[in-house]
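In this document, chain identifiers A, B, C and D correspond to the written order of the chains, with residue numbering beginning at 1 in each.
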Amino acid sequence: MIIVMSHGATREQIDAVIARVREVGLSAETIIGEERSIIGVIGGSAYEYREAFSHLEGIQEITPISKPFKRASREFRREDTIVEVGTALIGGDNPPVMMAGPCSVENLEMLLETAHFVKSLGAKILRGGAFKPRTSPYSFQGLGEAALQMLAEAREQTGLAVVSEVVTPADVELVARYVDVLQIGTRNSQNFALLSEAGRSGKAVLLKRGMSATIEEWLLAAEYVLSQGNRNVILCERGIRTFEPATRFTLDLNAVPLVRELSHLPVIVDPSQGTGRWSLVRPMALAGVAAGAHGLIVEVHPRPGQAMSDGGQSLGFPEFERLSRELGRLTEALAPQPAAG
Amino acid sequence: MIIVMSHGATREQIDAVIARVREVGLSAETIIGEERSIIGVIGGSAYEYREAFSHLEGIQEITPISKPFKRASREFRREDTIVEVGTALIGGDNPPVMMAGPCSVENLEMLLETAHFVKSLGAKILRGGAFKPRTSPYSFQGLGEAALQMLAEAREQTGLAVVSEVVTPADVELVARYVDVLQIGTRNSQNFALLSEAGRSGKAVLLKRGMSATIEEWLLAAEYVLSQGNRNVILCERGIRTFEPATRFTLDLNAVPLVRELSHLPVIVDPSQGTGRWSLVRPMALAGVAAGAHGLIVEVHPRPGQAMSDGGQSLGFPEFERLSRELGRLTEALAPQPAAG
Amino acid sequence: MIIVMSHGATREQIDAVIARVREVGLSAETIIGEERSIIGVIGGSAYEYREAFSHLEGIQEITPISKPFKRASREFRREDTIVEVGTALIGGDNPPVMMAGPCSVENLEMLLETAHFVKSLGAKILRGGAFKPRTSPYSFQGLGEAALQMLAEAREQTGLAVVSEVVTPADVELVARYVDVLQIGTRNSQNFALLSEAGRSGKAVLLKRGMSATIEEWLLAAEYVLSQGNRNVILCERGIRTFEPATRFTLDLNAVPLVRELSHLPVIVDPSQGTGRWSLVRPMALAGVAAGAHGLIVEVHPRPGQAMSDGGQSLGFPEFERLSRELGRLTEALAPQPAAG
Amino acid sequence: MIIVMSHGATREQIDAVIARVREVGLSAETIIGEERSIIGVIGGSAYEYREAFSHLEGIQEITPISKPFKRASREFRREDTIVEVGTALIGGDNPPVMMAGPCSVENLEMLLETAHFVKSLGAKILRGGAFKPRTSPYSFQGLGEAALQMLAEAREQTGLAVVSEVVTPADVELVARYVDVLQIGTRNSQNFALLSEAGRSGKAVLLKRGMSATIEEWLLAAEYVLSQGNRNVILCERGIRTFEPATRFTLDLNAVPLVRELSHLPVIVDPSQGTGRWSLVRPMALAGVAAGAHGLIVEVHPRPGQAMSDGGQSLGFPEFERLSRELGRLTEALAPQPAAG
């Protein structure tokens, strides 16, 4: 951590800061500049100690120099983490993995219809909401365990792995009994009790970015899972809050290459939640993969106009087919080329 | 709900929309405009049915006209709700209520020292964190039940009521045993299981605004508590995420008069969390009350430089004393004036 | 425009609104709903008249139903506009056009070196700043007309067309004398005097999105150019302001497919300005094209570490070569497929 | 400026950075930490040289430690600047100055009616738009010079000073001929040619914050005026762009005490533009003054429902009277107290 002293800081103020640094057990080195002095604090985590200095006089700013996340960082682990789910390998140089299915599981029939369809087009994982966190208490909240049983049945019939959201720690054990991947939604991305419990389950965790989470905070959320000894974390960009009203959220694809720099964890993209408009899903899905995403999670519904939730952002079957076709060509074009190419 | 048809919508498309409106059991009236037609849908909640139409052809936009919150709205209840906590009356024309205390309860001594001090300056409620939701798993997470016991002891000695945060549904019963007001923090403002459980506890609930929650979403979060039959909800503006890096959050005081228009619930302000800088706490606390807040919640620490969390935004005793003094004058100046005045 | 009356609006209030609608020369139709009534106002522009109603009693909300932009809209012109610049065709189904060059023109030698290099890799337009709008008055502000002369020389030698920014109306004539495309930067995206002047010049205009402009406002900015009779507008997404500090701006690729829905104008992407980090430029450039962009504008510098401005976001030659290669494959993969394919 | 080396940076990389620092004429000191090393760069402006290092290997981050604004900073001038306009003293401990008047000057009669009214309630400066920067080219753009003449006439009759917006450098001389204060609007807050020209006019400049300007960028905009030798700059907070749709902008009152810390310049608040809803203007005006604003600028119209622009945010006469009355009591309550008080 670096402590920047203000322009007029006195020698006494500088000494008082150094004394405090030593008091908390760290060591300090000082650079006396023309306009202001800086004190480099060595050892200890800036985030723990930072506040210990904030009331001392003559300080202009305290700047951490280490990232606060550890296990999620590239420095902790240089090689890409590859998460194995069913037949899918997510991460590294593996081709992007498609996860698809309805926003909510509405009944077995529509689920199976969708599952067979997306599988036929190369999807490896079936998504489907059983517990839905809804902004209004008066909206449809999902079928709960009945939906989980349908997902398990769909897995049985199609061989697809299954991902579904868990919204509260008490449900982790239940959901984990049925699914291959526990999804943590954007509204729970700083629900630390839930993150820890999901971590303890040992299941792979699909961690959506909080709609107002910085990339640093998102990686810290992953850290809650990782610190339970669970290495199977898949990050998922799903749109952030901005001033733009034309889309429900602003899908932030910049996060994809940036996360790949900062972390070894796989990162996928959710263009359905991220845009909230089905007509944007296909172009933004392609863009996500071009940006380097390790996979996609897409809402697909046999009859979107009759969906019980979020039909406006679901692809119908013809649109999903078009997406799959274009995605295939894109993936091939961007695959690492042979040396002679 | 209003369905706006696009410019080139055909008569067939308009008829198809009307047919679908009737199919879901609602009724429709149409206005044929010069450039585009609109269909007014009568009955039913726009939020439930909106998606049923989003894939029909020729639709430009679907606009809800009712607010999605009910019990929280002024239309549901015209008179201000007044929440009674200990000796405090929060809401309506009552003078603003001061809640103050340390960010985290660190030990009994500092808690009592703070409690006696803030009480002597007119505070009615003692705040103190027992369970701390921290962005990093490696930060201090609070003393848990031990802290709750200290809060109870401080209440015993001072007569102050007590507010403390609860972070997960499983803890609601425990925290409710010790405190007068359950606080739901910004990171849990859409933790619907927690909101419902807090609602069921019957305790007053202090509901912080989510850092990326619109005012509508915040009132919908309140709706989760209210819909459990619990009317004692206190809203708390605590800063939102914006592009401005100079403050930790942007305390959005516009929310205060706006919430007072839209809702009957009391609304208070947290200038400590909202700015993250102690030097801004006093002016923004005064501004909050001038904007119409029913109370304040302020972090106070006997020795902020030694706080175990958020010392940088805590007031020391002299600053809190100055705030109390100025607040007294401000409150008097803004009090409803006698007719002859 | 639709006027939504509030829940408790009286018959008198409704009649007063209708009377006012007629007073300003428009006609009204009313739908009496269960909870609230709505008044459809027919004729006239909502944006002109909206304010005439805002102080009437009993009104909850006034919602425009027509978009405020006209000439920029798909409704005004169904076919894609194709802007011709030098040998480049920008828009429609034409392959994406590459514009590349240094942030600032620093001297003739580096400009020519860059121009020959990017031309050899397929770029059609040379970019280079002559007048630089800088946040600080103490930063390098560009070489002015001398830089424009160098750009003209580079065009002469390479056959590339040239784009450069103009920052104030008084300079439009000067800049237009040297360049093929006038660039309006993000900080001037609501400098309406400049937009109009650029429109009058008859030159093609590259209109960057304001960093806090909604898509609607951006199209309205285009409208200032179009309304001068100048149809050659190229829109350019270049990143918006959000809470995320890890990138300089948040490049909003959602804007690309959305603008293509709403408008007939071509839209390109600036991944250099949009991310502010050279390591993100290549993936976000590819993503932009996958999202449907009609072109890219990329900062390239022979020796980015010595650039006089924005070196941190400039690609060096080897990175630009890699981008060009990958872009070629991507473009081919996404090209419209022959029917038998 | 501080250069933070990345975790795995080699000795060679550190040496290369130091060599480059010296090459550009600065000096360097190094602190070798446990996890990473930092290099303090002494002399020169970080903002000028920062980019010179961004492409060197092994660098994690470059952090400026000096603020980029100079003449606007408290370090440059410790005492509050007080701007004198007509009979008003704006800044320091002077009581808040009220500027009021219509959004647009519509005709002489309504202007005089408003001017006499606001003057009778203590306003010192009359506002009124002559040149209106409008988002749409089809909206009313103001009466231009005719409006300026009416403002001059109103000054003549009432003794009020006059403030009006200038939107392009070519108009500065014209507007300056008629008004006491040149207003630079939010959309021109980074129109550097305009800022410089306004600076050269010698008139006082009311500088609105850009709707997406950080506080640092706002002070840098002021720097453009100050660097022309013009010290009479009044900053004006007028709302920023956030995700909240319920208000037109989010008036950011945190900026008031923060600007007072960072700068010696006076800062006022515009609650009309900042909220866009007349019902929020009074509470937010009071809040602004409680936060420490040196003045207010408020839109007042004799018949807001008939205003030609922004009627929805204008106060009618009775609301302005109530505001004035409450403001008087508030100002008195917050005035510095006599020692014996």
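Here is the rule we use: a residue touches a chain if its C-beta (ideal position, glycine included) is under 8 Å from a C-beta of that chain, and two chains touch if they have at least 3 such contacts.
All of these numbers come straight from a predicted model, not from anything done at the bench.
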Report which of B-C and B-D is connected by more C-beta pairs in contact.
B-D
Farthest chain from subunit C, going by mean C-alpha coordinates, please.
B
Nearest whole angstrom, what separates the Cα centre of subunit B from the Cα centre of subunit D?
30
Return the distance between the CA-based centres of subunit B and subunit C, expressed in whole Å.
38
Subunit D touches at least 2 other chains through residues 212, 241-243, 245
Subunit A contact footprint on subunit D (complex, rising order)
2, 4, 7-8, 29, 31, 33-36, 38, 40, 42-43, 60-61, 63, 65-66, 75, 241-243, 245
Could you pull out which subunit D residues touch subunit B in their complex?
212, 214-216, 240-247, 250-254, 256-258, 261, 274-275, 277, 279-280, 283-284, 286-292, 326, 329-330, 332-334
So in the complex, the part of subunit C that touches subunit D is made up of which residues?
20, 45, 47-48, 50-56, 68-70, 133-140, 167-170, 187-188, 190-194, 196, 210-212, 217, 220, 223-224, 227, 241, 278, 304-312, 316
